[in-house]
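Chain naming follows the written order as A, B, C and D, and within any one chain the residues start at number 1.
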């Protein structure tokens, strides 16, 4: 429910040539999105705070060492990292296409976005597999504190990634080819990129605090 | 208790409206400004200091405002007043004054925090306080006595309270003996005080307490008493509680014990003079006759009240009957069997006779 | 809501629309002014609802051992009184002023994302109606506005009551956050040329700080409520002590949101007073940058003080000292603000209009409330004050004496600009005195009740505790406040019966919003003025500075300036978003996780989520085609 | 998009090689971090956190372009990031029981829960990774858990070793211990004399109703929820609260006590029967 409706009804004028004047010279959409990321910082901050506060306080039941199969998780971490790379290349391609002012279909941009979406989808797939595997190992949402906090934190992150994949697919398959976005098309792809990178850095924090910290003496 | 603290407390207490408080304990049993323990002495010290500072500042600001409102009314003369935008010196001034006042308040505050929080002396009487849904269970850990809604303590000796809850969050508060501590389920909060009032031989002083944290329907009816004795009185109370009372009148005893078993009271209540009555789900009824109030401060302890309480708990304390929520986990009071009139009276007279 | 019927036209060339056309124009409005009026009037409506709940509470507490109202009904009343007053009355009224005046004061034609602005209002309305719909099901929330854990869990609040409260507040939280993104971007990006940040009016500064607080504090509430929702629906054990969970986690997360929330409630009123005082003292706000900086400082220190609500839960001396220090630090910027207000009046030519009455009343009452607050910033004192009526007195002085009287000051000051009609000064002053006297009669005795040890949220008290007289006086005072509210409402409703004849600058104001028509044309500024100081309109009128008033810049009457067309997608998207949240009500297992209930919930939720997705796509598509 | 904003970004398109280089660097750092997972080497916690922080800032600075983008974005993102980090640290401090008395208190309180908790685990799982046993049956009766004082095993434990004892010893031991459990948990409704009354069925002489030991155990372990039954000619449809928080031995003892009191002579119920009853699920007529 964190996907914010990105209405883009600028206050703008019918005359094409008269551009919208902004006081800071930055795009409204991008500025609003950074504010959303600031808010999401506190959202994940609270979830990570809950997980870290309850770490080691489970009375009973499977502990992290008992269930973590980190080979799977490290592969999905690599995937998410590389998807961040493809996303940056997509944003770069969008800027080039924007400057070249060509009317043709920005295939390179769509290509990179599909790659990102694909890797994101695989990451979510790994996440679902991991949840299933842990469930059969006895780690349930209701069983103990570790189960509750772990599934809530990684579950909400997984939902954010899923929303990101959906956003990438809709953008690359509907908005861009059907020209729903006109003019500042690089701006839209840039904002999608910001969301994806934010979700990636949150995973960097989660991967370290939840998984790696368990195996470090 | 460090000597310095006592000195500091007395100095500030004397500031407190020259000793005679506006709300004396006689007609304000829950007053927070009359101290009867070292804990509340310390609090009263900081309390009166900060109250004085805030009142003086409040009066000064009020005077300043009234002056400005009267002096600078619009006298109808044309033109605008001098367009003053600001004055950094004054800004600095009224930033530093509050800083000084804050320092003046913070230093004694932090000193008192650490004094209140230091560990209780070893010879303190340890009492486990368990907040339940709408009554208090007190357990004298060394003595092995379990009672409800009344704490008996000797004046002059430190009392260490281990406050916890087995239902929702309550808050243990005896205003005259010091601040409140929340009874949080899953955690033990400590508080200790020594009653400083002198208790004449054979006499007792009553300090009333209440639950301060919202805990459901009968949150308002969860009061308890702290009764201070002199050392002899306290020792005598201990024996009383340990030895099961003898009910002289045999008829009352038989009828009472029969009703106690028939009504299923044995399932929840413990009673020293009935063997097998050891359950701790309901309050411990040992020597119920001696208690001042019943149903945790809801009504005076008379046989009629006891009978009507057994008859209909919901009317006295809303929310206490099981079937209200139909949920066995509810800590309410339920008599599983319809008791006849005589059985209720027999129970009431029997329990009142446990003196 | 009938008050809205005669007045609100989205376009100033208001021909006689049929009621259906007018209603459709409301439902599809994207004009920040219409949304501002909707927020204000909805806030007023719920202020009356909250007031009635308060009267019922005071009735039950007027005499000892009263049984006008049962314990369960009383617990529901005080929960809904607090939730209604905070989330459904004071915040929307402040949002109404923010929506209406933030764009005007920075010289913008509208907010950056007009449809997102409409979406926020409709989502807010959905949340408000959803919480109150619990009344129809007979399950009014009874866990307190704070909903402390392990009492708000299924074991001790088994019914759907706390689910209504929990999910309703999540909807309200999301609506406030979306509005926050919108306003922060508007303030930063759509300022008039020449208006640097420090040339913005103080009211807009306070609105901006509030929006930052909203955006950064509501996530903590949302997370706390998600964890409570999982505990209640799916049997997780975040707050269940039996399995290692700690009820204090809820208190930490709730008050991490809670304290910034109370600054969200007070800063708009501080901004309004900082505009009203200079106008009626005929001189600039004394030390405006200091007032702005202290507002920012109050806002962000607000994130570091949350545990002063938890001094009695035994956090340990170190935590208590730290939070006591940060709490007392907030007293300093507050004092700076109060002294600056008084210094503004010093040397001025004070004109006592109804708005000025309320502004001076605000300073007096807020000072008392602030000082009584400093008293229990110190943990030893707070051990006696916490959960007693002293705290009730404190926060009613700052919330009623501060926020509410500040908002009513804003109504008497800005009504001509918002609705184009003057409010009767006579009724305003009478209403103020009823508020002032009633408020002091009600809440000052509560200080004494607190010192006499009366705990909060008790539905009944016995005689002989010394609490009788103060409670009786308080109940009488509450009736006087009710009369004052009635007088104010009468003044406002009767203003709609009079023609729209308010001048565009009734109080000789100093900021851009007074430089345009009352009520402003739908495009606000035909020509966006150049700003050279923090009081552009005052400089034009009194210091023959550069011209900013629209009459002179663009000539009188209507101009054709294209504005974004109305759109119904915000309403549709808000409906589906609310549906996604409300579907959680159906996923509740009787005792922990129940797969069938979860399947029903997911089915309903995916339908609404799909609807939300499609409406967002249509929303974006609409933008592309309407270009 | 505003015109002048566009020119500003015009020349800032980096060569794709930079991004790929950064991507590779991040991958390498992540690879190093995985060392302790496979027990190749250990990394001190501080170093691990530092490595993650470096990855974090690189992604924020270069992939999210905060390094060369408008400063307002950095000013918008940095304070909340610092705020969120401080909040996590504050919550960890407040919850780790910095206050020493909290620490040993919470162990004391949880130790009480643990003893109640461990005795109820009906099925255990062993982790294939650490060979540690852990409880896999999450169904814990909350009511019993939460009662700190009450409901404790104040009836002590059984005097005999049920499996080893001979039949007569077993019967005597079970009935003696069962009596104590009965008076504490069952007398409240079925009365001490087993005659019940009102909404509660009599147990004396109800042998043919509760039938085989496993059936009898199923009725008591899972309870009855408004199931219409007929005991000694009287119809009941009330609620028999589930007693699943009692252990197998306690239930076997109380059931044997019932089957050998007030004139009943209906054989013994053994812990194995109770265990079987737990898995068979609730009894239906």
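What we mean here is this: a contact is a pair of C-beta atoms (placed from the backbone, for glycine too) under 8 Å apart; a residue touches a chain by one contact, two chains touch by 3 or more.
Note that the structure is predicted; figures quoted are calculated from it, not measured.
The chains that touch both chain B and chain C are D. C-beta contact counts were set side by side for A-D and B-D; A-D has more. When each chain is reduced to the mean of its CA atoms, the one lying nearest the mean of all protein CA atoms is C.
Placing every chain at the mean of its C-alpha atoms, the farthest one from chain C is found to be D. Between the Cα centres of chain A and chain C there is a gap of 32 Å. Inter-chain spacing, taken between the CA centroids of chain B and chain D, is 34 Å. Computed centre separation for the pair chain C/chain D is 41 angstrom, with centres defined by C-alpha atoms.
Each of the following residues of chain B touches two or more other chains: 167, 185-187, 190, 329. Chain D has residues 72, 80, 83, 87, 91, 94-95, 101-102, 109-110, 113, 142, 146 in contact with two or more other chains.
Contacts with at least two other chains are made by residues 155, 188, 216, 220, 241-246, 248-249, 256, 314, 316-317 of chain C.
By the contact rule set out at the top, the touching chain pairs are A-C, A-D, B-C, B-D, C-D. Within the complex, the chain A residues that touch chain D are 19-22, 24-27, 30-31, 34-35, 37-39, 41-42, 44-46, 48-50, 52-54, 57, 59-63, 65-71, 74, 77-78, 81-82, 84-85, 87-89, 92, 95-96, 99, 137-138, 140, 142-143, 183-184, 186-187, 190, 193-194, 197-198, 200-201, 204-205, 207-208, 211-213, 215-217.
Taken together, the chain A residues at the contact with chain C in this complex read 1, 3-11, 13-14, 21-24, 26, 28, 31-32, 35-36, 38-40, 42-43, 45-47, 50, 53-54, 57-60, 141-142, 144-145, 147-149, 152, 156, 166, 170, 174-175, 179-182. Listed in rising order, the residues of chain C touching chain D in the complex are 155, 188, 216, 220, 240-244, 246, 248-249, 252, 256, 303, 307, 314-319. Chain D contributes residues 101-102, 105-106, 108-110, 142-143, 146-152, 154, 180, 183-185, 187-189, 191-192, 197-200, 241 to its touches with chain B in the complex. If you check the complex, the residues on chain D that touch chain C are 72, 80, 83, 87, 91, 93-95, 98-99, 101-102, 109-110, 113, 140, 142, 145-146.
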